[in-house]
């Protein structure tokens, strides 16, 4: 019976803007989390993290030109916070709207004095579906602002590298930091695909061993997941490409070499994904052919047994008839009207004829290859 | 039995131009509505609406260079009105023909001194299909003319914003106003897709719980609706792109940033739509596999019962035969020619053999996994 | 049984050039019609039509620079006529070959001093297929030559407009006249699609009401027709695009605006056509699922009836057996070996057991949902 | 049963280069034919053919600048011949390798002082498959070398035109001659498609009249042939396009006009081919639906007959049972326990009930539409 | 039953980077092999091979500008070795990461002073799947470094050509050597496709002779293999194209001519591969139609036999009924209530009627064409 419960996944339903809302309207979702704000300041030598209660005077706090800053914001439920962005930092209100409407595709846009980017952080949910969170980036010369919906994320490794000062991360500016975070997110897609690849293997094992209808449900669920993931990876690749081609001086050539690497990863992901989709389709074909074959097998059993015994039963029926002689004088009825019945060895002859018919049919079916 | 009535939708049949009509012929549909004309004049400080009986001297009424005007025309049944456009405003007659032939795809075209654009306003009809209305735009430096087929529309929110003076709408010129109206229409597509997404969920629930043939009808109707919508969204996206790339000075760079946002929305719509189409196809595959599985189940029941009882009935038939001895002398016929019948416990032995045959077959089918 | 006769359409088999024919060889099909030639001369004020017997001295007849000429040639069976074109008018022989080989795709080509174009004039034939005729155009500064295979065509409306002097047609030169003719032909495609759209509706009605195999035949025929039409519309669109991008001064910018309109029509046609193709495929899926469902229904009836009655018949068979006692002394055979048979109410008990079995099975099938 | 033998075609298995062979290695296939070499010299006035034993001093023999030469080589089995090309004529060894490895796609390449091109000459083989021969061209200013695998070809018409001096062929140089040969080969594709189009018609006739499984085999074979042909036509079109865009002065503008014509032919071929492929797929769908319909018909017959007679047989079985009374005193067994049996007209009543059941069922099936 | 074991192939599971790993981290797989390093030095006259224990001072060892060097590294398990590359040779750490993460797609990248490329070496594994090894290239002016995972490879033929000094290989520099190795790898794909083409032929033979479900398994396995191979060939082609378009002076124009040849090979491979995929799909269609046809055949046998014998058995059942007369006086029961039974020749008439029914049905089925 499979586990059809796995097929149906709960979905995150985004709150669509009320039609007619002013474009650039900053939407505060009442169910979203209150922001936790961490301010990382770092350069080659120093590293410091401060938790902020709010963003007031953030320009002053990030004014030191010899230091890079990362303002790590988790939770979007603060209209006041976005006022700082629009009024103090002069961020375009369409950007702020995109940050608060958390259903956007990955993209990269250049604005006067800053870049804006969106990534999507994915997780395999408990019910086998995909959790899908938006991560937004505002990158200026020496400050990177990131926005997440939830407190948990998969970016701790980058925070650790930043703290430990490993690699280029402290000295290569906000562009490289943004890259490092995006790359982390893309890397997590590999784990997801790798998990699904195992699921696909498991489905195939089942297909060979004992195919039941759960094969269909699970393959369909996998295909749906792949369709969802593809909707993220394609624009992710386009985003990387846009970053590669940007002439913004906020992205150094050094960083672009790394972006090229992330771009290659996206292509590799698409490659794996498309192959998995093709193989999943192939499995469905296989499953359908297995069903058809089973049908044939069932029908063969029915046909063989019916074809052999129905005629025999007919013969038995013949000799079970009660035809009789009626004495024309007395009107008395006596057996005797079916000569075969009273022949010596009539019974044995009949059994022999029946056996003969059965054998002929078995040979016929054998030669048709129905016993294979 | 599903609700096949939902599958068949009434369609709007457009009146095609008589082949050979002069190109640029302004077609007045006798069934269309008489125009209601509202003239909005607005700038940063002022806002005024006047209802006009006709368009006479419209150039004079919209002559103030410090004010923007919106001529909101609903209903197209007035040849005289179009004469004003062709004679007084020098609008190209192909443009006027496109406005009156209300089956055009979304597009954007530049002309000497004005821009021309078409959007399509959609609504889910009572029968589950799509209502489809053409909205045309003629945009000059400080006047925007819009043309609709019906009196009702989904643009009241923009009218309210205009009146309330919220956002950029009063100060950003006719380009921004045109954008605001178009964006409104695109936003309404999201509601439509969102509604259909719920339908798709409902179909899936049914597919898991009690799939019947209505699954097929409803999925097909959904697919047809998606095909219709795609025919609108693709050219809509191209239109937005054409506006983005136009060098017309009637569209400011400021407005283009908003157009870029609407362009992104179109892509997102296409994305959602294509995913829904793929999932709908996936559901059809699933439904067909469910039908095949059911068939297998039905055939299994038939085969198991027939295969067990047909041979048993044959055996019963055998011992129901009337083979008899005939006294060669008296010619008298007496039972006695089928030795098994008169054996002690013959009946019990026979019953036992029958039970044995049944048990063997049940084990055979069990091992084939037919009882699962 | 549908109308399979509609599925098979007679086809026009073109005479392919004998392989190895000299390129540029002007082929005169013996079965083609003798040319009827009309010479239209027109300018803003004048309009005149003359029937010509042949094309001799055509250069002189069309020498007046203040007048435009249309040489309307219907029927291609005249080698002499093509000699005039090659010798007197210096038309490239590949052009003449293309005119006489009437199986070419729509195209537009520029030559030294003239343009060459091909359109395809379509008609729904009696048997439901497509009649397909080639119309060729040679356009010089002030003369337009058109070539058709048959005498009848769908261009009379243009001739009338020319005569009546309505619209631009008399004053806009040969480019506009060529456009008007081509546009006429494209317009006629709309009527064809509109007819097929009604056929598609009719097929759907049948699909819902009483689907039989004619659904399949008719859908296939429709798909084939759509495939044929697509082969015409795609290159037609490319042709329009080529005209739009030409730098030939024989096509004025004024005319190009009209060509753009015809280009839009082609795109709209392709749009409609692709949607219809998708819907036709969708109908085939639907029909196949209906067949499968029917199969299920048939099998359910068989299975229910067989499963109920076959076991009952077996029981009846049991008690129809003739097991008997044989007196060990006299060898006399007497009934009495099947105790149930002689029990009081044995018959009634048996009938009751049979009814019980039937009821249990009916409940079983009921719960499986087979009676729905 | 169709003619499955037609489905399986013998294939030409090319000898792949031993991996690791030096690039540019001239491979001499031991099974290939010894070359027959003809040297055509021609100009406006003269025409001469000489058979050559080998290519020694070919530069001298083709030195006259006022004459064009065609060196027509059929058979590739001569290492010595290729030495002349590499040493005396300085042809790049990769070119020579391509000539001897006869499995290359059509292509056109420019080299210092000469052009190199490949065409593929096709023939419908005896078994219904495609014979596939490589024709290679080396074109210098006034010499054209052609290489074929076999002695027979489809180019005699060109040789004749050359001899007769018809058309441009003697005066337009080696580029035009190469075009003429290539065009000939492309023309022969039309005959092939035309033959297959007739096959497709024949399949369709069969599909309507008496579809059996040969429909499937023949359609599949046709599809495979179309796939093979597509592999030739696509690169052929690209080749033509490459020639059109070449800046080599070995191809005159005059010749390019003819090449454009051949390019159009390739597009037309692709068009026809894709349509035929779509129609073939359509036929397979149709065939599968016919099989399903037949299945339904078969099952209907079975179900109607079984459903009617199985219950009737059960009733007959009931009254064939031997329930009896046993005298409690004598233990004597007498008939008499099944009251219906001894009722007057019991037999007739039973027959009537049976008839009633049959009639009710027939009405039931009739109303389900199973007799149609 | 086929050989389902062939369907399931073991897969190489790559170790994905731990998410959050520093980009450019050189990963040393503990299971990889310790490097074997061979240093080839060669020019027109000399050729020398030295086995090196490690890469220390490799710059000095390869310092002679008049000599080319090939550093052939097999086995990647040496962190120290990669330190030489990063510190002494200043290779970008992303390049080194790509070399150690052996799951990259073929690519070509230019860096300051060197080029980097990846090829994938394929082998048909024992279980019918594809073994897949990464070969990386770092090419400087006069040194080529290659990196492989395993000791065995398919490149010995190139080593031999290098030693023997055949062809261009000693004099054309590192670019040509890199080409020669890459070309070798591409050539090996031809052998793989050629092997699979034979498998496809074998499957087809089986399809015609005795199709069983192994056809399905084997075709699916083949399709999966083709999908895997396509994932290698497409980027391989792109790589070749990137090399063709590079402006790096490390790749000479002379070498590019050979690269063009390899590029053509890639296209040819893709061509063959896509055709094989199409044919494989075609075979699945065919197999499914064969299953359906078989089903029809099975059902026909069942239907013919059941339809003939079930009614006959019913008739026999009728005359096996025990209707009797009961003497109203004595209550004695005597046969006699079924007049047909006592008619003279009643039995023979009945047999005749049965035969008649059978014959009528056989004629009916015959005319339906069920015996064909």
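Note that the chains take the letters A, B, C, D and E in the order they are written out, and that residue 1 is the start of every chain.
Here is the rule we go by: a residue touches a chain if its C-beta (ideal position, glycine included) is under 8 Å from a C-beta of that chain, and two chains touch if they have at least 3 such contacts.
Predicted, not measured: the structure shown is a model, and the values here were computed from it.
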item: Touching chain B and also chain D, the following chains; value: C
item: Degree value of the rotation bringing chain B onto chain C, based on Cα positions, nearest 5; value: 70
item: Centroid spacing, where centroids are CA-atom means, of chain D and chain E in whole angstrom; value: 24
item: Intercentroid distance (Cα basis), chain E paired with chain B, Å; value: 39
item: Touching two or more other chains - residue numbers and ranges from chain D; value: 288, 292, 295, 299, 302, 306, 310, 313, 317, 320-322, 338
item: Complete ring sequence of chains beginning with chain C, oriented so that chain D follows; value: C, D, E, A, B
item: Chain B partner contacts - residues on chain A that touch it in the complex; value: 4, 7-8, 11, 16-24, 92, 94, 103-105, 107, 109, 210, 212-213, 216-217, 220, 223-224, 227-228, 231, 284, 287-288, 291-292, 294-295, 298-299, 301-302, 305-306, 309-310, 312-313, 316-317, 319-322, 334-336, 338, 341-342, 346-347, 350-351
item: Of chain E, residues touching chain D in the complex; value: 154-158, 160-161, 166-167, 169, 179-180, 183-184, 187-188, 190-191, 194, 201, 204-205, 208, 257-258, 260-261, 264, 267-268, 271, 275, 278-279, 282, 285-286, 288-290, 292-293, 295-296, 299-300, 302-303, 306-307, 310-311, 313-314, 317-318, 320-326, 331, 333, 337-338, 369-370, 372
